[in-house]
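Structures for review follow.
Across the two complexes that follow, chain A remains constant while its partner is chain B and subsequently chain C.
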Partner chain A sequence: MQTAIKQNSFKDKANQAFGISIEDARISKSYLSVAFIALLLGGLLGLLQGLNRAGVLTLPSWANYYQILTAHGLLLVVVLSAFFTIGYFYAGLSHTLGGLLPKVRKMAWIGFWMKIFGFVLVVIPVLMNEASVMYTFYPPMAAHPVFYFGLVFIVLGIWMLSAGAFTQVANWRKNHKGEHLPILSFFATGVFVLLVGATAFVAVEVIFMIIPWTLGWVDGINVMLSRTLFWAFGHTAVNIWYLTAVSAWYVVIPKVIGGNRWNDHLTRMVVIPLVIMNITGGFHHQIVDPGISEGIKYMHVFMSLAIGFPSLMTAYAMFRVFERTARRKGGKGLLGWFKKMPWGDVRFLAPFIAMAAFIPAGAGGIVQSTNQLDQVVHNTMWVVGHFHLTLGMSVVMTFFGISYWLVPYLSKRVLTPAMNKLGVIQTVIWTLGMVIMAISMHIVGLFGSPRRTSFTTYGDFAETLGWNPYMAAVGIGATLLLIAVILQVYAVFNLMFFAPKGVTEFPIADTEPGEAKTPYWTERWGIWVVLMILVISMAYVIPIVDMIVNAPPGSPPFKTW
Partner chain B sequence: MSQFISGLVLLIVLMIPPVARLMESVMIIHMHMQMPLLVIAGYFMARLFMDRFPSFFEKYNQNGLPGILLFTIIMVYWMLPRTMDEALTVQTVEAFKFISLPFLAGVPLRDSWKKLSKVGRNNLITLFTVMFLGFGWLYIQSNSQLCNNYLVIDQIILGWGFITMAISMVIYLVYSLIVDPSKYE
Partner chain C sequence: MHLDEKIWLFLSFGMIMIFMIFTGYQALALGYGPPSHKETIDPQKVDQTAPFNEPGIKQIGENEYEVVMTLQIFSFTPMDIEVPAGSTVHFTLTSKDVVHGFQVADTNINAMVMPGHIQKITQKFDEPGEYLVLCNEYCGAGHQAMSTTITVK
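So, the complex of A and B:
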């Protein structure tokens, strides 16, 4: 045993000194490549949508708006986010846990190809305009069955990757008895637990409800139930991307600015409740749905806002870390420390703007969780503005910031000053584009402009013509965004294949010296999972049994496009 | 002392009539939220009694089994449809609920739990898993209304609540069977 531990810590050290092994790097590089190709395609489609809604672009007869919207949603919110998250955390697991085990590597590749295969199956019917059901695929709209088979393979791939991550973590813990899981791997564990939990719901929806129904084995589908299962997944998925970004805020950013990270115990205490209470938040997407009693909706406002608490803790922690670091560097006065931050470093600038964007984004989220306010904005462009702030800024800009060190770390190259400058420019353009687009979407949404609606003048009705200037602004924002997308994708592939060779470190901040030891019970993942399941059953048993027992006759499939 | 006070505050809040009425208006919340919270209130308050009267617990609950027996009897009593119904219609029964669950279930649970071995604890959880499956089945398949105060749909929901709780406990038991913490800690 003693020698095993020695060997292991030798391997840990070697890993830290020589960087990631080629095989591990290849896995993460593949995931990141897919992610950024998805960004390029999705961004292009986003531009088409923006220009269409601005009224300056009529789509060709062979493409329909809803088909493009389906692809945009899937490429960005399913492919980009998931592939980035997995690539990033697998690199993190490899770095902090002494290299991936051979069998974990194998699992990562199997998962990769399952996801790709699934995605191809999804894309074919979308391209053929047989699946313009948008990324939410709400029944009774029905796509071609192949679309759903593809989804099943994507879920299976995710389970394979989660199993790989759990295997890696369990093995490390066996060899490091009594030690705390390194913080980045702790985040990774939480993320993969949530991925399994979230996809379990959508798997039930797709396998047991939708597939038999689109194949014609059953006549009708329970629409409410399928929406509920979808949002248990959809909501959690988005929160997983957010938790991934948060992991970089806590662990990586403090190192980039040359400081220490936030208290280890409290950091873990942010992750644990986010895992336990996350899935039940799904109901806040159904505030306007019929068939759910008011009492249940009321209860779920609390459930949603409970997740707000760890988010507020995060905001506090970040500013505390920034201030402490900058003061150490000589920043003075109430806000003088602000000047000491490394604004010219894209690895800091992009995630910082991401965090700042979360302030209005979070406020908008609270608006949408409030029943009466949500009645005003539900299904309007406001909501689209909201998730371009949360995802398009908070999450994706953090991912961009990460890419400027993660990609060179993987390819054993360096971020040159010129490339850093390009990154800063990219960040500024993206920020401008998103701010213009999101603000106009919020405003025009308040005026009532619906989301998921291709350009129309509503028969030149005066009231709705007033929306057009805002929609033009959306088009302008979209154009800026596409420029930023191209710069970003260029930067990623340049760093992956052409930048000068060299050593880039994986930035992981240390804790403050002299911090009290984190209690060991934070490592009891088995307990957290059981608690998570208990919370889920508390939240879902009442409405789901009600939806099944009191179900109306099921709906036949419809093709609305 | 602070634990006792938080337990007491919880108990008082649960007793406030509008709170009690709200929780009792939904069958599953009555049984799976209000009642466990009452037990938890007692669990917190137990600290004070254990500090004040150590010899009492030492004498009557030496190995923890009497306490667990009392806890189980009280819990089973309140899982019966008849008793829930009566709590809503007969004031004294309602009062008995607010006394028995904290003081005759929560307090002995705390004193006994730490005296039980790991096997003892898991046996208790197994017992409750089996009971929950049984009660779940009872409430789900019963076509007739078991309580005057609750509808059949409320019963079915409660039944599924039992089943999902049982599933959670099974997962916990499997986890503690196959994962040996000494390998990791």
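So, the complex of A and C:
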């Protein structure tokens, strides 16, 4: 035991002095490469859609709008975000827990190839126009069975990676009894717990309901139940990407601006409720569904809004850290300290704009999860505007900001001033594009323009002609975004293979000196998981039992595209 | 914890609670709750099951109408509804195939329509004019063409 601790702390020091080991770096670099290639492809498809909806581009006969939209959603919501999250957290686990264990490395590679194999299986039917069913694949619309087999492999890959992360964390805890898990690994634990919890629902939907049904083993499917299981996954997935971004806000950004991080105890108290209460939030996607009583829906408004509370804590914490740091650097006045922030540093600028975007994005989210307000905007372009703010700005811009230090850290290179400048330009273009696009989408959504609909004027219906200028603005936004995507992908691969050699640190901020010790109960992950399961049961047992017991005869599969 | 943080958290919590109270009061006391009808139907026998065996519009009171409507790729049955201004219309909806959405632009009508489930939603049309009815859930290759009108005279 004693020697184990000694060895471990030696390894910790070696790790910090020499940077990440080549094997660990290779894992994260592979994940990040896939993520940014997905960004390039997804962005290109996004431009095609933007231009189509702007009314300036007629898609060729061999590519239909819905096929492109399905691929766009999968590439950006499933591939980019998941691969980035895993690459980032595996680097974080390696850095803060003294290098990955050999067996964890092996699990990371098995997970990688399972996910890639699954993704290839998903892509083939999509390319063949056999799976234009969107990211949500609501039955009774049925894709080719291979599409669903692909999803199963993606989920198995996620489970393998989660098991790897848990193995790494458990090993560290065994060797560091009574110590708090380093904060970035604490976030990682929360993220992987949620990944397992969320994918469990979609696994049940796909394996036990959809696959037997598309193979013809059963005649009908329970449409409401499958949809409910999907949203327990679908909303949590995007919240996981958000939690990943939040981890960088709390842990990395304070270091980048030369300050200390927010109170450790309160930080952990933000992670814990976000894990416990997250999965139940998915229900607000079903506010205008039949078959669920108003009472259950009202309970779910509460459950969805509850997630807002930790986010409001985060908003306070971030601005407090900025103010504290800026004042130490001589910033004065009520708001004058703002000038002391490192605005020219892309590693700060991109995540800062990401955080600022979460203010309107979070407010919009509260609107959508509230019964009556949701009824106004449900399935309109407003929702598309919302998730381009939350995912396209808050999450992805944080990921971009991370890439400017994480990639050189992994490749043992440095971020040059020229590359930093390119990053700042990229950030500005991306911000402009997203702001133009998201504002137009929100407005035209309030007017009633539906989401997931290719260019149409509904027989030149007078009112829809008034929507067109906003859709043209969406096209302009999409064009700017593709320019920013190209710059970003160039920056990532330049930093990975061509930038000057050197040492880049993994920025992890220290706590304020003299801070009270965080109580050890925050480390009781067993309790948090049990509480999470209890909250999920409260939310889902009654409606799901109702959906099963009072189910109508099942629906046969349909291919309607 | 700083005093200003306590104030901020108190305000945050208060804001969420006020939201909840308004939402609950409107939904449960004023009856503005979202469409949540719970009847079911055999999705493969819609045409043989009352009331969907006779889709159409029917006057059920002074200024009150019931519209029994089926949604199927890529149309609504009945199409092109007409009602006098000031009428209250009760829609009874179901799908004959995949998941559809029932939305009327410029009103608060917005409901998911699922195969196997009967959905109900009510709206009073005061302003004369032509309203656009559209499907707002992706339902297949012709989804963008799935629309009709309600004319209020």
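One rule holds for everything that comes next: the second predicted complex is superposed on the first by the 561 of 561 C-alpha atoms of A that agree within 3 Å, B and C clash if a C-alpha of one lies under 4 Å from a C-alpha of the other, contacts with A are read in each partner's own complex, and residues count from 1 in each chain.
Methods note: a contact is a pair of C-beta atoms (placed from the backbone, for glycine too) under 8 Å apart; a residue touches a chain by one contact, two chains touch by 3 or more.
On a predicted model such as this, the values are computed, not experimentally measured, just so you know.
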item	value
Simultaneous placement of chain C and chain B on chain A, clash or fit	fit
Touching partner for A:Met538 - first (chain B), second (chain C), both, neither	first
Contact breadth on chain A, by residue count: chain C or chain B	C
Touching partner for A:Gly55 - first (chain B), second (chain C), both, neither	neither
Which of chain B and chain C A:Lys174 touches, first, second, both or neither	first
First, second, both or neither for A:Asn550, with chain B first and chain C second	both
First, second, both or neither for A:Tyr138, with chain B first and chain C second	second
Angle at the Cα centre of chain A, taken between the Cα centres of chain B and chain C once the superposition is applied, in steps of 10 degrees	70
Which of chain B and chain C A:Gly459 touches, first, second, both or neither	second
Partner chain(s) touched by A:Val376 [first = chain B, second = chain C, both, neither]	second
Minimum Cα separation, chain C to chain B, after superposition on A (Å)	12
Chain B/chain C common contact set on chain A	550
Chain A residues touching chain B - in the complex, by the definition given at the top	170, 173-174, 177-178, 295, 520, 523, 526-527, 529-530, 533-534, 537-538, 541-542, 544-546, 549-550
Chain C - residues contacting chain A, complex	1-2, 5, 8-9, 12-13, 16, 19-20, 23-24, 26-28, 32-38, 40-44, 73, 97-99, 101, 103, 105-106, 108, 110-119, 130, 132, 134-141, 143-145, 147, 149
Of chain B, residues touching chain A in the complex	26, 28, 32-33, 153, 156-157, 160-161, 164-165, 167-168, 171-172, 175-176, 179, 183-185
Residues of chain A that touch chain C when the two form their complex	64-66, 132, 134, 138, 140-141, 223-224, 227, 266, 286-294, 297-298, 301-302, 305-306, 308-309, 312-313, 316, 320, 366, 370-372, 374-376, 378-380, 447-448, 450-456, 458-459, 461-464, 550-556, 558, 560-561
